[in-house]
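The first chain written gets the first letter, and so on, giving A, B, C and D; residue counts start at 1 in each chain.
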Amino acid sequence: MSDTSTVNTENTFKDQEQKMAISARNINVVYATPTGDIPAVRNVDIDLPKGSITGIIGESGSGKSTLIMAIMNAVTKPGKITSGSVLLNGENDMLKLSSEKQRKIRGKEIGFVFQAAQNSLNPLRRIGQQILDLGRAHEVNDLRKLINYAKKLLIRLGLDADRVLASYQHELSGGMRQRVGIMFSLVLNANIVFLDESTTALDMLSQASVLEIIRELQREKNLTIAFVSHDIGVIADLSERIEIFYAGEIVEEGKTSEVLACPKHPYTKGLIKAIPKISGDIDAAEPLKGSSPDYRTFKQKGCLFYDRCPIRTDSCRDSRPELNITNRDHKVACFRVGANDRD
Amino acid sequence: MIEIKNLQKFFQIKAKFSNHKTVHAVRNVNLTIPSGGALCLIGESGCGKTTIGRMLCGMENPSSGSIIIDGQDISKLKRGARAKLLQKVQLIHQDPYQALNPTHTIEQMMKATLKKMAKQKKKDADWIRQRMDELLKLVGLDPETILFKYPHMLSGGQRQRVIIARALTVEPEMLIADEVVSMIDVSLRLGILKLLRYLRERHNISILFITHDIASARYLGNDTELYVVYKGMVIERGRTELVIRRPQHPYTQALLSAMPILKGIEKPGKDRFVITSQFRQSEEEPHGCLFADRCPFKQSICDEKRPELIHSDDAYHACFFPKVRQVAAESI
Amino acid sequence: MKNFLIRLVWRVFSGILMVLVIASLTFFLIRLMPGDPVSAQYNQLIMQGMTPVQAENQVKVMYGFIPDEPVGEQFVNYIWGLLHFDFGQSISYEGIGVSHIILTAAPWTLILVFTGLIASFLVGVLAGVISAIKRSSPTGTVLTVSGSLLHGVPQFVMGLLLAYLFTTLWPILPFGAPYDSSIDPGFNGPFISSLISHAVLPVVTYALSSYGGWLLTMKSSVITVLGDDFILASEIRGLKSSTIIGYIARNAILPLFTLFTLSIGFMFGGSVFIENIFDYPGLGNLLLKSIDTRDYPLMSGAFLLITIAVIAANIITDFLYTFVDPRIRR
Amino acid sequence: MTTPDTVKSVHTFTPKPYNGSSFWKAAWRSITRKTSRIIGFAIIVLFTLMAIFGPYLYSSHLPINTNAIYAPISWKYPLGTDFEGTSNLALIITGARYVLLAAALGALFTVIFGTVLGLIAGYFVGWSDSIIMRITDFFLTIPSFPLLVVLSTVWNFGHPLAMGFILGITSWGGMARAVRSQTLSLRERGFVEAARGLGLSPFHILFREILPNVSSYIGMNLLTSITGCIYAEVGLFFLGVVPFHVNNWGVMLNMAVFSAGAMSSPEALPYLLSPLLALLLLTLGIVLFLDAVDEMFNPRLREDV
């Protein structure tokens, strides 16, 4: 983010900070490889307004998961956060706190739900024992109350609570594990919840019901949610705000309905066109050209989308566009906004 | 033309020192795919749709029923003739990362089968090279850059194209595409669907499309027939567009309701509903409707008798209380 | 639970069957031998001036069968004896039962190997954990290299080097024999300290040559667990690092558990070299001596015991594992 | 399907040859990538040359020198002499052939038995699998070194082939089990199923599709089996349970320890240390070289970064 745009928005930030559950600035993450560092996340600013659902879309390897790991300051090797700040509720900077304080924020204030295909639970401990471990780690005095609350949440999620608490991870189905994961993220009353591809490996009906539960709980507890996925459908359905992520940068952001109804960035446009829809003219669907970003894309100089862009010009190859406001809070990073695509 | 008649499949789940369990994976399925036609099986994972595909290409033996390819019942053929006939049906796997041998270059893979074909057709090495080139171009790959690559150097989309090209080397009449796009990046999925559609339209190759995503089934062409499968049974069938707009079975409606709504482009259908109960492989075979335990509209008879697939309104459904509900999203 | 019992009975039954098969094989092996040792012995006894009847009785005492008996009958007698834990009579130790000799030798091996095994396991596992966690630091590299090198050195080379280093070059430890023969055996201070000082080198040899294996296996196991999603998940849920280390340790040591109990089974056969080099009166040495003196009953007895230990350990491992790993429980 | 365009490109299209030579080139690149691998390779080559040409360098009966019994290390006797005044270096060099040949044969038998049985058991699941695995379990249960010791009473280990064969017989079990489990998992991989669907023969699938995927495992195992076999055979000779009519490092060790009393008489020390040194050096060579094997067989690692 350049100086000018920071100055432009400086005043509004002061007001917004109070309303932002998370306010991340200038996040940079690099991955060390034998051939040199690859910038996996570059100069990303992202705000999660309190009580809202934000969707982050990106293809595999776009760095979207790295971004939320960076927000939690939990990037794993060979990744490294090189700069940035993450204000939590307008105060504590996650990236500067002592590791003990960070630990206490993780889990207690920020919940995290993993991909359905990942096993986020210790295979050798019963679910109930793991809840107790979690409670002890965050100095919960009344562990019995904690278990009762966990049971309540599990019942809410449509599970047989007593059975689940006495189970090992391998005794649960994919959909059940995912619900248990949601319970873990909420059992300590976290206000902020990150979901990383949390419905990806689930069946259609399971996914729909998990999304429904997330939506209900969000409304009820006024949660702040960031939902990361490659599936534009899920994000479009769930989120109020949307961030389009491409090769480590945000290329477009705004209100979901607005971005989907009138996308400005050629990638967003292409992506929306490239998904088969259940409504409208199916023959209008058109594949997106080129291939997904790889490590070479991250290293190129100009616009990251240059290779695949139908409306590129020579200047796009040499310099990279910044994220600029086009319409209220709808921002896009493209020199050619408004240009007709000839495709 | 490929026909399936009364196809059934039971799986024995073996337990060493306790009773064997039997799972009825495919129940009395009938279907016909004319040459150059397309048929789509829709359902959740574990519903038996993959098993149908695997039986059709000979990877699995049916428990009963018959599979008829070009008028010949494959179960009545001798081993050699059967294998030859089954080559006309090629399976494209869901996972392009596993379907290519990591130790072979693309050229080695293509040659393995093309050499066999060349022997059958009494052609020479030039023919092999020419054919290899032709097929890779057909699937949208550049032979010169791709032939010497190993699979790990390719993206998911490119791999899936290589797999399709390799399947085409044996000149099949039908491709079974089992969740072919589910592991490919979103922006590249439509490219693969477009390729399948092209093969169908231009090269008269019929497609059996197996998926959980109804929207991608639409893309294959508007004469595609859609079969909705639940616990191994076809519970609704009809032309794709018709089933989406006028679904009669509650399960089909639940599936359509579960499709996410693209805010700003679409609005939810007015009868949309979400089922929150979990899918369970029931321990005992129910007497009644297979969907009864999850059906929000069930009545007492649904637990007692099982509805059969019956014809109504240009489509078929297996429900005692069919009712058209507008559950699919609509454009704004 | 019922299934569990059925499985247990079945495993024990097939284990016994396997022991019998191996016993039969060794039985017929002796018959296959060049010059048939039984007839040879018989002939020798006759030459020593025994009557055929005396010689026959003597041979029967020694081998449990008479050469002229039909093979089938001999075999039945042999197996019948085995089922009563009767391994026959030794030839070299005249008139002493094989089972008695074996049972006197076994404790020596047991103490030696068990101490070495426990020591190498504890040190190796600990070093493995450290080398995995600090794998990019010099400490980790040094540990890993030490493990690979020690793992690569054969046991007898290790034994000879240690023996040379500590008994000749720098003579601080005694060499050969299980204890100082000038001290009266018994429960007294000098005897016990002599026993211990004589055991140090054999035990250390065993421990050092198995340490590398434990280290390398534990290291790779810890690295695998560290890469598991649930470890990252635990960090992101803000669990204490002590809890997380506990999670890692338990998950990583599980695969080693099997290896450990199996090694206990291979114990009797695993110290042939060490016992030979340090002249330790264990089972391995017994096996070698029996071969030197062509004492076939003793040989097959010792070999059978070594094998029975392995089979028993296999069965026990299998069942203990079901208790340790909840994923296997039914 | 064919357009004039594609035909044209066929003629201009000259493919890079893919044949055996590129494997060796790639293998060479893997070896030369690290100094440690080069050292390991050099040591292995040195010992191999020793095994091949060693016996030709000396007369079949090594010279005895009664004036130089247990001679110290000198230019004439770089590793000293033995109890008869024979050069230890000559003993090591001429002994290398039996040691290496028997070990190589043993490893080869292990790998061949193990791979073929493992592939068959894993691919054709069913009765053949059950039978093969029963036999494998049986062999795995019998402790192999004590078995070798017992077998030494009936088997003549005089020839390397006889030694190698028995070493192979007693140690293929682990290999068969590992190859089987890898084959079982590869069998479920899509590419094997795809090959079946394309009508390729079981022979092609086993040896062209599956085998290359276990080749790096086999390669590594070949090397570790060689070290295992060396230890076992040298150990057998060292224990003295095998007749001493061949020249072998193990015989040297045995004589040094039990006859010459090298432990207590320092002048016999070179006689003890020279075979130990040879063993350690060869082990070191194989351990260092092992690192390159995985890369040689795995195209993913072979690729130049």
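The rule we apply is simple: a residue touches a chain if its C-beta (ideal position, glycine included) is under 8 Å from a C-beta of that chain, and two chains touch if they have at least 3 such contacts.
Just so it is clear, the structure is predicted and the values come from calculations on it, not from any experiment.
Annotation: omitting chain A yields no split, and the remaining chains form one piece by touching.
Farthest from chain A in terms of Cα centroid separation is C. Rounded to a whole number, the gap between the C-alpha centres of chain C and chain D is 26 angstrom.
Chain B and chain C have Cα centroids separated by 56 Å.
Put simply, the C-alpha centre of chain A and that of chain D have 52 angstrom between them.
Per-chain Cα centroids separate chain A from chain B by 32 Å.
Annotation for chain A: no residues touch 2 or more other chains.
The multi-chain contact residues of chain D, meaning those touching 2 or more other chains, do not exist; every residue touches at most one other chain. For chain B, no residue reaches two or more other chains under the stated contact definition. Of all residues in chain B, those touching chain D in their complex are 57-59, 83-84, 86-87, 90-91, 93, 95, 98-105, 107-108, 112-113, 116, 126, 129-130, 133-134, 137-138, 143-144, 147-148, 150, 152-153, 163, 166-167, 169-170, 203.
Interface of chain D with chain B (complex): residues 1-2, 6-7, 9-10, 13, 15-16, 18, 189-191, 193-200, 204, 208-209, 212-213, 215, 297-300, 303.
Chain B meets chain A in the complex at residues 44-45, 155, 157-158, 185-191, 193-194, 212-216, 218-219, 244, 254-266, 274-279, 328-332. Per the touch definition, chain A reaches chain B in the complex via residues 59-60, 158, 173, 175-176, 203-209, 211-213, 230-234, 236-238, 256-261, 270-272, 274-280, 282, 285-288, 291-292, 294.
Touching chain C in their complex are the following residues of chain D: 138, 141-143, 145-147, 149-150, 152-154, 227, 231, 234-235, 238-241, 253, 257, 262-264, 266, 269, 272, 276, 279-280, 283-284, 287.
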